[in-house]
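Alright, structures below, take your time with them.
Below, chain A partners chain B and then partners chain C, in two separate complexes.
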Partner chain A sequence: MRYDVILIGGGLSSLVCGITLQKAGKRCLMVSAGQNALHFSSGTFGLLGKLPNGKEVSEPIAAIHKLGASHPYSKIGGGKIMEYAKATPQFFADCGIELKGNRNSNMYRLTPSGTLMPCWLALKETTVFPSRKERLRGRMLIVNFAGYLDFNTDFLAEGLEKMGVSVSRIADVKLPDVEHLRQNPTEMRSVNIARVMDREENWKQFAKEVADLLQGEEYVVIPEVFGLADPMVCEWLREMIPAEILFAGTMPPSVPGIRMQMLLKRAFVYAGGTFLMGDEVLASEVSEGRARSVRTANLGAIDVEADHFVLASGHFFAKGLLSTPKAVLEPVFGLDVSYPADRNSWYDIDFFAKQNYLGFGVETDQDFHPFKDGSPVGNLYVIGAELGGCNSLFEGSGAGVAIMTAFRAAEIIMNE
Partner chain B sequence: MQQRNISFNNFEQCIKCTICTVYCPVVSVNPAFPGPKQAGPDGERLRLKNKFFFDENLKFCMNCKRCEVACPSGVKIADLIHSARRNYDKQFPELRDVVLANTDLMGKFARPVAPLVNSLISTKPAKVVMDVMLDIDRNRAFPKYQSRGFRGWFKKEARAAQDCYRNQLAYFHGCSTEYQHPEVGKAFVQVMNAVGWGVRLLKEKCCGVAMISNGLWSQVARNANHNIAEFRKAVSRGLPIVATASTCTLTMRDEYPHILGIDNADVRDHITLVEKFLFEKLDAGEIRLVFKNDYRARIVYHIPCHMEKLGWSIFTEELIRMIPGVSLTVLDSGCCGIAGTYGFKKENYASSQAIGKSVFDQINALSPDFVCCECETCKWQIEMSTAYKVFNPIVILAEALDLEATAAANQPR
Partner chain C sequence: MSTNTFDVIVIGGGVTGSGTARDCSMRGLKTLLVERHDIATGATGRNHGLLHSGARYAVSDPESARECILENRILKKIARHCIEETSGLFLSLPEDDLSYQDIFVKACGQAGIKAEVLDPKEALRLEPSANPLITGAVRVPDGAVDPFRLCASNMVDAKSHGCQVRMYTEVTGLVMEGETVTGVKVLDHLTGQPGEYYGSVIVNACGIWGHAVAGMAGIHIGMVPAKGSLLVFAHRVNDVVLNRCRRPANADILVPGDTVSVIGTTSTNIEFYDCDSLHVTPEEVNLLLGEGAKLAPVLNETRILRAYAGVRPLVSDDSDPSGRNISRGIVCLDHEVRDGVKGFVTITGGKLMTYRLMAELAADLVCRKLGHTARCMTAEVPLPGSEKGSLESISKRLWNVPTTLQKALVGRAGGSAKQIPLADDYAGSLVCECEEVSVSEVDAAIENLEVHNLLDLRRRTRVGMGTCQGELCAFRVAGRLAKAKSGAPKARADLKEFLNERWKGMYPVAWGDTLRESAYTQWVYSEILGIGEKL
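Showing the complex of A and B:
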């Protein structure tokens, strides 16, 4: 079995790369095991929120030249990043995902704990503010589902009041189908509620209840559990509820992130790509500086060959990297990973401090070819969270690195 | 200290991420169903403490396995649910469920009077009777029974010719090929013969998937043991066991050990699906396919749930894409809602159609020449709910192949 390109991983990076290549006429196979970071997405993309020294960035593209040479952005170069940044909104729109934001400057998203964090682009429905100094005037109602604990209304109230608004009330709504879920309290989670709320009679009923609760408040905050199947529901809620709606993120899993994942997967399959959901690459063959084939759990003894391979298998959480007491490993190809020998420097016992292990990753050359036992693998590309050279969580650059390296690898493959 | 913390059904691996819930087709249409996480790993924890926690509503699970495919931790959610039904549900199945579950017995009774049965079950009064007395939904279109089955045809028309092939395989045709769609079996024999493989039939019994759904536990165990014994005989004679139905294949490979606790380890890897079999032989250069020059078709491929679980749709895609003159679009995978006998039941009819809507809408929007699908119950559902015909990939291949030229190309040199 032979493909032009085999992509390993089914997250943001793999999907962006695979859709680009498949649309350019390459025959692609994508193997996707397990969970990816989109399931935790805030509904926004970060390109660069902070420099490695901790200084906040307001114009991310303009700040790229301040990054070190091993940073993935530095390998791509400012000019290319600008070009890919321009193409990003249209790319996502073609997949049915509408983004908002000005690509040159950061916006601020509302976190589930009521604080503001920089971001670059956002889903159309997500609540963002143009600046940290944004003021909200008037009164606000915060609405939750009775018994839903993954939406912290007190934190949100405290955070939003700092923006000048006065939270007049926090109220619960009860809908029969959600009450039904509550019989098993562990089922009161974002996606369970979202699936109930996909039904027209339920979101209409919710809108009506919220409209009845309003006593002239200018704003109403509701949890982001609407529009899993169809984001138009968010627009219809705006029409039915006579106050400005701020959708606020919940604890994971993220409903908008999962929708994004489903739409990207659909775009890949519709473009003609083959997507193996729930399958895992278990082994690979590399010889004479080239990757030759892989084997997967479901396809058994068949060697699946390709001209190019893209490794987008994520970071520790996605099992793209594994650690033992002594070493950090990349399990599929056994690639060289950069990390310090002294294990004590891997982490900080202060959980909220900068964690060095989050910056570990596969080493690559300028074109994202990795090394195996010190020699480059010429037809293999490593993209997304698997890469070393940056601490995305600290910098707020996760989605940006995933998207930019995906576009870059696709372009190199297409030019070969 | 507990040394091993992973049980047979690995429910402890659940990280409570709720991803399974996103992909469960029943959750969005039936509020009474507790959902995969609660019905599976969460419920198991409680059931192990006390069987009192067994929830009747587990019966709403269609066993489509989409939750398992989506679960990042590899929890065998549907196996947990159906093992729980097997272990704790002491209710006796009702008459309707026994009737629906016995796909082979039903076929045996119906066949001698097939024309009569077909016209009877499609008449309004009969549908009302079935609806009222048996709770089989009156809106449901019934598949037609054939008066001459596949085995009868094989014995008369094909068996004698099989000895001349240098390679031999055992064919598991399944109930739908025998009773409703003998054309699938005929196509299988034609294609296999063309590529130089002779076909043997087994003394097979229904794989029993519908008995699992309907709780006929002792009956399905009998069938499973019978089939596995037959497979052992075939394997000892060096015959691979090849099937044309994805659900039978999954059931015999994985449900027998996982839900029924029947050990099939010695034969499991010899049970395969025709698309995988053909592809592997092609890939290894052992066989060749020659297609007609003038075959043209715009095909959409609906991946049945159990094909998704097997992870083998890639073989069908590859085979169909080999046909010159074919354009193939793969649907965004989703359940068609029939799930074997599930959609036949009156209480499920509405949710069954609601579940399938996304698949029907996609097919209607793409307006293909026809739909490709390995599962015959999906076929009934899609043909009833859209304006399009559905064909098993082997039927499509038989039609698109130049069988004579293929046979010539596969002559031993």
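Showing the complex of A and C:
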């Protein structure tokens, strides 16, 4: 079996790269183990929220020159980043995902705990504010589903009151279909509620109940569990509920994130890509500085060959990196990973401080070719969270690195 | 008597202090229990949770061994809901001298501990995780005890007998009249207010911190703080307690408890000023893992959930400076006799599972001082939760077909489960999926069990103690706590503290799946939930 490009991983980076290549006429195979970071994402993309020294960034593209040489953005270069940033909203719109935001300056999203965090672009329905100093005037109603524990109404109330509103009430809504979910105590989770709320009679009933609860409040906060199948539901809720709606996030899994994943996967498949769901690369062959073939769990003894390979299998959580007490490994190709030998320096004892281990990753050259035993692998590209050179969690750059490196790798492959 | 005056004031909310407070209040004494943090935050909550049979001490310390087996039998009656009767095996490995087994079995016999020599093959059938290379095995009546539940039950029962409980109340000094201790000066950390309480007898039940409390009365107790580190494994790899059949040494006990197994311990002498900030070192982790895998080789492939350490409250003796061979014997000091200071008693040494006897000795001394004649009832009267019937019969009585949720609840609360509704409207919703803790159990703990924050709640309900280490439940529980008790600002601060406390136990063992889980938790809380951001 032979493809032009084999992409390993089914998350944001792999999908963006695969869609771009497939649309450019490359025959792509994508091997996805299953869930990925999109399932847990916030519905917003960060490009750069903080510099490595902790200083907050308001204009992310303008700040890129302040990053070190090993940072993926520095390898791409400011001019290219600008170009890719410009192309990003249209790329997602073509996949059916409408984004908002000014690509030059950060916005602030409302987190599920009522705090604000910088983001670059956001799904159209997501609640964002143009600045940290945004003030809201008037009264606010916060609505939850009765018995739903993953939506922290009190934290949201505290955070939003700091922005100036007065929370007049926190109220519960009971809908028969949601009540039915509650019969099994583990079922009361965001995606299950979202599936229930996709049904027209349910979201209409919800809108009616919320409208009945309102006593002239200017704002109403509701959990982000609407529009899994069709984000238009969010618009219709805005029409039916006579107050400004703020959608606030829940505990993972993320409903907007899952929708985004479904749409990107569909775009890849519609463009003609082959998507292997629930499969895993178990073996690979590299010789004379080139990746030759891989074998997957489901395809068994078939060697799948390609001209180019893109490794986007994520960080520790996605098992793109593995660790032992002494070492950090990249399991698919056995690539060189940068990390300090002394395990004590992997961690900070403060949970909320910068954790070095989250910045470990595969080393690459300027074109994202990794090294195996010190030698570059010429037709292999590493993109997304698996890359070293940046601590994306600390910087708030996870989605940005995924998208930018995906575009970059696609461009290099197309130019070859 | 005024509201600030008591017959007896017990300092220390560990199991010894809670047990002493219970004993005193059951004997009709007006009792106050003060604790600077929460219950079970010292050595009580930082050990194996082993219900010793006494076999471990049979050779080296027959007196402790006899205390253990007697208390072992008593606790199986009065604290059933805190105990699992797992039995224990003492394994001889090829590197161990098998002739020790004879000495061991004989010493057990002399201490009154049933010790049954098993064929190694039979031992492996009984406990398949045991090292297949064993050359000998002896079965003894060891068990597992949940220290948090045991401590909470004592505290709750003390309250029901009229004891007043002040958590987060730190003793900052003693009130002295000449050579008599007449009360305690305190700082209430919840309100920030200082205060004084007066008592005819003050009991120092502060474990290693008792050294400092005695110092407030000008008394020196020679104590050696000996740090012991332990590892919690993510699965219950063994169902029977595994010990090495040799003289007690490092990392030679593997105890199953609820959903996990615990290996321990190390022993390192530390300074008193280090007792409040214990960190487990990579060397200790390596030692525990290396020795533990000799008992159960599967530990090499088992995920480690966390590492923790406690300080043994050993009263020093001129023997081994490592602290290992000092008798774990009970030390009950009447400072009037020892130091000429009246109205002041120290109870220390001992073990988790001899707490009741320690409490009895302390309460006897208190009663003698007060001329009070009521006798100790704690060896007969069960703790709340252990009153009647087996745990199985309790769940059958409460529910026709108990769900796993209900079984988990009865496992934790015993007979008290009947006060915790699961059937009504929203009560059964799950807060913690790893340990199956429901909203109503959380609410009941907040209501009845002196819960002030998330960490307290963990000690009462096992919330956040499972595989995910609070990854998902912490945010839910923080929300619940904000609603039911403390309001959002405090619940938010508690949540940060809770995550930091969980991380403290995870980073020493953060590789493999534990690192994966940490990375996910860090990402969920810092990035998605934005908990680290300022409001």
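To be clear about the criterion, the second predicted complex is superposed on the first by the 416 of 416 C-alpha atoms of A that agree within 3 Å, B and C clash if a C-alpha of one lies under 4 Å from a C-alpha of the other, contacts with A are read in each partner's own complex, and residues count from 1 in each chain.
Here is the rule we go by: a contact is a pair of C-beta atoms (placed from the backbone, for glycine too) under 8 Å apart; a residue touches a chain by one contact, two chains touch by 3 or more.
As the structure is a computational prediction, the values presented were derived from the model and not from experiment.
Just chain B (first), just chain C (second), both, or neither: which does A:D279 touch?
Only chain B; A:D279 stays clear of chain C.
Of the partners chain B and chain C, which touch A:G396 in the superposed model: first, second, both, neither?
Only chain C; A:G396 stays clear of chain B.
Going by the contact rule set out at the top, does A:S13 touch chain B (first), chain C (second), both, or neither?
It touches nothing on chain B or chain C.
A:S74 in the overlay: touching chain B, chain C, both, or neither? Say first, second, both or neither.
A:S74 sits against neither chain B nor chain C.
Looking at the overlay, what does A:T88 touch: chain B (first), chain C (second), both, or neither?
Neither partner.
According to the contact criterion defined above, which of chain B and chain C contacts more residues of chain A?
Chain A has more residues touched by C than by the other partner.
Taking the superposition on A as described, I'd like to know which of chain B and chain C A:R195 touches: first, second, both or neither.
Once the two structures are laid over each other on A, A:R195 reaches chain B alone.
Examine A:T126 and indicate which partner it touches, taking first as chain B and second as chain C; both and neither are also allowed.
The answer is neither, since A:T126 touches no partner chain.
Touch test for A:T186: chain B only (first), chain C only (second), both, or neither?
Touch partners of A:T186: chain B and chain C.
Which chain A residues come up in both lists, the one for chain B and the one for chain C?
186, 252
Taking the complex as given, what residues does chain C use to touch chain A?
The touching residues are 279, 282, 285-286, 405, 425-426, 428-431, 433, 438-439, 472, 475-476, 478-480, 482-483, 487-489, 491-492, 496, 499-500, 502-504, 507, 510-512, 515-516, 518-520, 522-535.
Which of the residues in chain A come into contact with chain B in the complex?
Within the complex, chain A touches chain B at residues 1, 29, 33-35, 39, 177, 180-181, 184, 186-187, 189-192, 195-196, 198-199, 228-229, 252-253, 258, 265-266, 269-270, 272, 274, 276-279, 296-299, 302.
Considering only the defined contacts, which chain B positions touch chain A in the complex?
By the definition above, chain B touches chain A via 16-19, 21-22, 27-28, 31-32, 34-35, 37-38, 42, 68-73, 279-280, 283, 308-312, 314, 317-318, 329-330, 332-333.
Applying the document's contact rule, which stretches of chain A touch chain C when the two form their complex?
Against chain C, chain A makes touches at 40-42, 111-117, 146-147, 149-155, 157-159, 162, 182, 185-186, 188, 249, 251-252, 254, 315-317, 319, 322-325, 343-344, 346-347, 349-352, 355, 357-358, 393, 396, 398.
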